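Both of the next two complexes hold subunit A, though its partner changes from subunit B to subunit C.
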Partner chain A sequence: MIESIDLSLVDWSRAQFALTAIYHWLFVPLTLGLSVLVAIMESIYVKTGNPEWKKITKFWMTLFGINFAIGVATGIILEFEFGTNWSNYSWFVGDIFGAPLAIEGIMAFFLESTFIAVMFFGWNKVSKGFHLASSWLTAIGANLSALWILVANAWMQNPVGMKFNPETTRNEMTNFWDVLFSPVAVNKFLHTISSGYVLAAIFVLGVSAWFLIKKRDTQFAVKSIFVASVFGLITSLLLAFTGDGSAYQVTQKQPMKLAAMEGLYHGKTGAGLVAIGLLDPSKKTGDGKEAFIFKVEFPKLLSFLGYRSPDAFVPGVEDILNGGYKPEYNSIPESEKEVALSAEQKIIRGRLALSALSTYKQAKNDHNAARADSAENLLRQHYAYFGYAYLNNVESIVPNVPLTFYSFHVMVILGLYFILLFIVVLIYINTHRLEKSRWLLWLSIFTIPLAYIASEAGWIVAEMGRQPWVIQDLLPTMAAVSRIDASAVQITFWLFAVVFTVLLIAEVMIMVKQIKIGPKNGGTR
Partner chain B sequence: MFEQLPIETLQAYWWIIVSLLGSILVFLMFVQGGQTLIYTLGKTEMERKILVNSLGRKWEFTFTTLVTFGGAFFASFPLFYSTSFGGAYWVWMAILFAFIIQAVAYEFRSKPNNFLGQKTYEWFLIINGLLGTILIGAAVSTFFTGSQFSINKLNLTNIFDPVISRWEGPAHGLEAVLNWRNVALGLAVFFLARILGILYFINTIAEETILTRAKKQLIMNTVPFLVFFLAYVSVLFLSQGFTVDPMTGAVSMESYKYFHNLLQMPVVMILFLLGVLLVLFGIGRVIFCFTKCSTKGIWLSGTGTVLTVFALFMLAGFNHTAYYPSTYDLQHSLTIQNSSSSHYTLTAMSYVSLLVPFVIAYIWYAWKSINNKKIDPEEMNSDGHSY
Partner chain C sequence: MTIGKKLWIIILIKLFIIFLIFRLFFFHDFLKSRFNTDQERGSHVRDELIKRQK
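Entry: the complex of A and B
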C-alpha cells in the first residue's frame, strides 16, 4: 500500500532527532540550574564579602563553563534539523514555529553569550556589582532561551493561536499570546526549568559530598551543600507541583499519551494511579488480556488528578481507538461534550479534509469561487483531524506503551525520592551529622546519574508519548520528513553518534579532572 | 504600528533584517579566518595561546549570529528553510558539523585530561575556519546561480508522498561545490575572513613577532581575495539573472540582471562601492604604513564587509528578483513575496526586531568593559580565565 513514503527514512530521521535531542538534554538542565546556583553563590559573596564564597563561586563557574560549551555544540544542530530533516514540517507550521526560534536567538542567546564573557573574563576588569549582574543576566538568558524553545515544543503538543490557510497550504499564526501563554506552554516551561534546577542542585550536592568523603575542602563542601539543598528542596516541590499541572494538561489535550503513561488499555471511572507495576510484554492492544503482571495503585487518584474529580471516566488506549465514550474534559461545558469519535472515523474525517483541500486548490485554479468556498467549509469542518488522513491503520495512533509507562514512572518515583533526599540532607546539616554520615554522602553521589535519568525520562514521556504526531492530530511524523535518502540520514546519524559520544567522554574527563583539582586553585588552569 | 503596513513592506523589512544578519555574520567570520592562521602566525606555544585567546573572546558572537540568522530566516521566510535545508542536505550538514566541533574547541583545548589532546582541538578550529567560510560562501552564491529543486504545495494532499519541497538531483547540495562560481565566492569569503582575522589580531594583540608575521600574511591573503572576489563579481554582473514579472509573478532569465539591479538601485550601488573601498582602505592602511601604523583596519574593513555583503543580498532579493532560484523549473523559484511568513507573523516579529538596537547596545557596553587592554603574554600567565 505504501509506495513512496520510505518508513525507514521516517525511523532514521526520528532516531537522529532523538539522538541529538537526548545528547543536548544531557547538558541543558545543568546549564539552567547551575547558572542560577552560581548567581546565588556570587550574591552571597557580594553581600558578605567573604572570599570563601568567591572561591566557591569560581569553582562551580568553571564546571558551568565546561558544560555550557558542549551544550552549545549539541544545540546548534537541533535548530537546523527542523529544516534539514523535517522540511515538510517547516513549511506546514513554520509560520508559527519559526517565531519562537528567532526570538530565542534575539532575546536569549545574545544575552547569554555576551554576559558569560563578562562572567569568565571580567573578574578583575569590572566592578563587583557589574560582575554579579552579568552572572544573573547569564542565568536569565539561559532560562529565557528555555522559555522560547519550550513554547515551541508545547505548541507541537497543543497547537493553538493559529488557523490553516488553504491558499498558502500552511497553518498561520493568529494570536501570538495564545501561543506564548497556552497552559501547556506555561506548565511545560515551569516543569522543565525546575527539573534543571533540581538536577543542578543534585549535581552540586553529589560533587560536594565527594569532597566530604575525601575530607578535603570541607568548608567549601558544606557551604555548597547547604545552598544546593535549600535550592533543591524548594525547586523539587515546584517540580512536583508543575508535574501535576503538566499531567493535568496531558489528560485534557493528549488523552492517548496519558493512557500510555499509565498503561491504561481499558478506561474506567474512578481510575487509580499506578504507583509501581510490571507490564505484560505480550500484551497487545485489543487482545482483552490484563495489561499488568502486577501493580500497586492508589485508588481513584488518576481520575482525581486528571479531571479533578475522583469518579471521572479516564479513557484507555482501546476507548480512544474505538470511541463512543463521553470525554469529561473540564475545559468543555457539559452541553458541548460530544461522544468521542473512533480512530477510524477520525481517519475518514482527515481524508475528507485532505480531499477538500485538493478540491479547493483545483477550484481556485479554475476560478470557481463557489466551489472553492464550499471546499474550504468542508476543510474547516474536519480540519481538527487533518493529520489522521496520513495514517494507514488505526493502531498507529498508539504510542509505545511500555516505554512511555516506564519512563513516566521512573521519572515520578525519582522526583519524589529527590524531595526526600533534600529533606534528609538538610536535617543532617542542621544536626551537624552530615560529614560523618558516609552512607548519605555516597547516596548523594549516586543520585547524580539518577537525576540525569529522571530528566531524560521526562522527555521520553513527552516526545514518545505523543507519537505518531509531530503536531498533535494535525501532522504525523511520516508526513513531516524531508525527502532525502534514508542512507543519507543513516550516515549523519552515525556521525552525530560518534562525534557527540567522543565529545561527551572528553567533557566528563575534563569535568572529573577539574573536580579533583578542586576549589583551592579556583578551578582554573 | 507594524499592523498597518502592507505585507510587501514587511517582507522587504524582513529581507533587510535577514540580509543585515547575514552580512554581520560574514564580518564576524574573522573568527573563522583567524582560526585558520593559528599555526601560520603562532610558532610557539605561547603565541598560539595568545591567538586562540584573542579569538576565544569573540567566537560566541559569530556562533550566536549564525543561529539567529537561521532562526530569523525560518521565522520570516519559512519556505526557504524547508526547501534549502532539507534539499541541500550535505552542504548544511557539513557546515553544522564544522560549528559543532568549534563550540567545544576553545573551552576544552587547554584543559588537563581533555581526551583528544590540544592539537586535535586546534585542528577543530582550523576545520571550522576552512569549511565554515568556504561552504557558507558557496551556499550564499547559490542565491545567484540557482539550485535544482521543485516546490508543489499540492503534494500535501498526496498521502503517499506529501513532501512539498523536493531536491531534483541526487547530490543533495554537493553539486553546489562543483560549480566554479560558487567555489569562487566560497574562496573569496575564506580569504576575506583571513584578512579580517589578521586585522583583528593587529587590533587586539600586543606581541611584536605575531604582528610582524600578521602583516606579511595580510598581503599574501589580499591577493587571492581580490582575484576570487573580482572574478566572482565580474561574472555576476555579466551573467543572466532571475527576474520576476511584478504583474504575474512569472520568473524568467534576464541578461545582466544583477548589473541592472545595481544601476536601478543607486543606494545599493553606493553601499556596494563604498563597502569595497572600505575593505581595501582598511587593508591598505595597515599594509602601506612604515612608522606609526594604524590598528583600526578591522573597523574599516569590517564595516566595508558588512556593506558589501548587504548590497549583494539586496541585489539577490530586491528589484523583482528571485533570491533562491530554481534551475530545475524557473517558476518554482523563491521570491521574498512567495516564500514569506504571514502578515500576522511578520508583524509580531517586527515588534521583536525593535529589541535589536537594545541588544547591540548592551553587547557594546559589555565588551568595552572587558576589552580595554590588549592581550599580551603577561595576561596569559595571570591566574584569570584563559583557553
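Entry: the complex of A and C
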C-alpha cells in the first residue's frame, strides 16, 4: 500500500527547521569568533601587563557575554524538532547523531559552561594565568561544540562509516573515525569556524570604527581594529582555503549541488567558474534554453577547482539526470565507476532496495530466514540509492538552482571583499590614516550586516543545495517527516518567529546600549 | 539594573519558554510518546518507509 504524505507538512517542517537554524546561526558565529578574539586580547594583556588591554578585553568580553546569553540554548530547539517533526529521520540516523551530540554535550558544553563562569566572574579573584586559561578553554569549548554538530551535518551530506540494519531500521555506526575524519566533516568544520572568526573580526572592526567616528576611546578602538584586522585577514584566507576544500568535496560527493552552485545545466570539459552572472528566471531543466542572461567566468577554473585538472569534465544538472558520462573521481559506488547512472536508473535501484526491505519484513514475520537473508542481500546491493525509491519525478533531485547559485556567489564575493577590507584597514593603520578616513570607518560599520549575510548564505548553499535529501541519496525529506498534522507545525513556526525576533531585538538593543557605554570600566556599569 | 542581572533574567525566561512551554506543550518526541519499546519504534519507521511514496 502506498500512502502519500501531505506536502504542506513537508514544506512547513522544512520551513520551521530553516527558520530555527537561521536564527540560531545569527548568534553562534559571533560566539565562536569573539571567544577567540577575547582570548587573544587577554593574552596580549597578560604578556604586556598593559591595563589598556585589560579594559579592551573586558569590553569585548561583555559583548561576547550578551551574545552568548541570548543565543545559548536556541539550538536545542533544533533537537526538539528532530524528535517531533522528523521522527523517521531521527530514527534512521540511529547512533550516528547520538554519539557526536552526546560527546558535544558532555565534553564541549561542560568545558564551555564551567570556564565561562571563571571568565566572567573570576577577574581579580583568580590568578592572571588561570583566568587567561579559562578564557582559552571557553573558546576551545565553544569551537568543540561546533565540531560535533558539524560532524553530524557532514554525515548527512556524505554518509560514511555505517551499515544499515533492516532489523532495527537504523544506520549503525561501524567506524567512528570514518565519521569524525570524513573529508567533508574536516572541511566543513574548519570552514564554518573560520566563517565565525571572520564575522567576529568584522564585528570588532565595525564597532571600533564607530568609536573612531565619534572620536571616543580612540586608543582602545585602534588597538581593537588592529587585532581584529590581523585575525580577520588570516582567518579570511583560511576561509577561502577551506572553502575550496569544501567545494572539492561537493564536486565528488554532491555533484548536483555543485551544478546548482554554478548554474551549470550542461556539463563541459574545461568548465569555467562563474564570477558573476544573472540567471534567466524562466529557465527550466530540459527546455534547451540558455541558463544565463549574462555571465562572466574564469575559463577552466571550475574544472581545476573541482577535479584539480583544467580539462576535467564537470557534469551539469541534465548530465546528472541523464547519466551516461564517465565520472572523473574515484570515491563513488562501484556501479558508477565506468559510466554515471541516470536518475531513472537510480530510482529503479532505490525501489529494488525498498522492495527488498518490505520483503525482509514479510520474511521475518513468516520466520523464513533464507528469504530474509536473500532480501537483506538485495537491499545491501542497492542501498546506496535507497532514497531514490521515493522519487516519482527525476527532476525531484534538482535543488532550487537560482537560490543555490546566488547564495553561493554572494558568499564568495563578500568573502573576497572581506579580505580586501582587512588589507586596506591594515595599510591605513600602518600609515596612520585610519582615524581620518571616515569613508573607511563607515564602510567598516556597514560591513557588519554583510558578514551575517555571507554567513547565512553559506548555510543556504549547504542545506538548500542538498535538497531533496535529508541524508544524501538515502533519505529525502518526504520520507523523513513524522506523520503529524501540518497545522501543529505552522503554530510552532509562528511561535518561534515571534520568540526569536524578540530575542534578536533584545540582543541588538542591549548590545547597542553597552557599545554606547564604551570600554570605560570594561564596558559595564 | 546591571547588565549581568538583565542577561540572567533573559536566560531564565528563555529557558522557561524553551523547556517548560515549547518542550512540554509542543514538542513531544513522536516515537517515544507513541511506542514503548525500540522494537516497536523500529517497526513503525520501517512500515512508514515502506508505505511512504509520493
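Worth a mention:
The working rule: the second predicted complex is superposed on the first by the 512 of 525 C-alpha atoms of A that agree within 3 Å, B and C clash if a C-alpha of one lies under 4 Å from a C-alpha of the other, contacts with A are read in each partner's own complex, and residues count from 1 in each chain.
To be clear about the criterion, contacts are C-beta pairs under 8 Å (C-beta built on N, C-alpha and C of every residue); 3 or more make two chains touch, one makes a residue touch a chain.
Just so it is clear, the model here is predicted, and its values are computed rather than measured.
By the touch criterion defined above, A:L503 lies against subunit B and subunit C together after alignment on the C-alpha atoms of chain A.
Of the two partner chains placed by the overlay, only subunit B lies in contact with A:I96; subunit C stays clear of it. By the touch criterion defined above, A:V118 reaches subunit B but does not reach subunit C.
By the touch criterion stated above, A:V512 is placed in contact with subunit B alone, subunit C being left untouched.
Look at A:T169: by the touch rule set out above, it reaches both subunit B and subunit C. Here subunit B and subunit C are compared by how many residues of subunit A each touches, and B touches more.
By the document's definition of touching, of the two partners only subunit B reaches A:V126; subunit C does not. When the two complexes are overlaid on their common chain A, residue A:A240 makes contact with neither subunit B nor subunit C. In the superposition on chain A, the residues of subunit A touched by subunit B in one structure and by subunit C in the other are 2-5, 65-66, 69-70, 72-73, 76-77, 80, 83-85, 87-88, 90-92, 120, 168-170, 354, 357-358, 361, 389-390, 479, 482-484, 488, 492, 495, 499, 503, 506, 510, 514, 524-525. The residues of subunit A lying in touch with subunit B in their complex are 2-5, 65-66, 68-70, 72-74, 76-77, 79-80, 82-92, 94-99, 101-107, 109-111, 113-118, 120-126, 130, 134, 165, 168-170, 172-174, 176, 351, 354-355, 357-358, 361, 389-390, 479, 481-485, 488, 492, 495, 499, 502-503, 505-507, 509-510, 512-514, 517, 522, 524-525.
For subunit A in complex with subunit C, the residues that touch the partner chain are 1-5, 62, 65-66, 69-70, 72-73, 76-77, 80-81, 83-85, 87-88, 90-92, 120, 166-170, 354, 357-358, 361, 389-392, 478-479, 482-484, 488, 491-492, 495, 499, 503, 506, 510, 514, 524-525.
For subunit C in complex with subunit A, the residues that touch the partner chain are 2-4, 6-8, 10-11, 14-15, 17-18, 22-23, 26-32, 38, 41-43, 45-54.
On the side of subunit B, the complex with subunit A involves touching residues 57, 60-61, 63-64, 66-68, 70-72, 74-76, 78-79, 81-87, 89-90, 92-93, 96-97, 99-104, 106-108, 110-116, 153-154, 156-157, 159-167, 172, 341-342, 344-345, 348-349, 352-353, 355-356, 359, 362-363, 366-367, 369-370, 372-373, 383-386.
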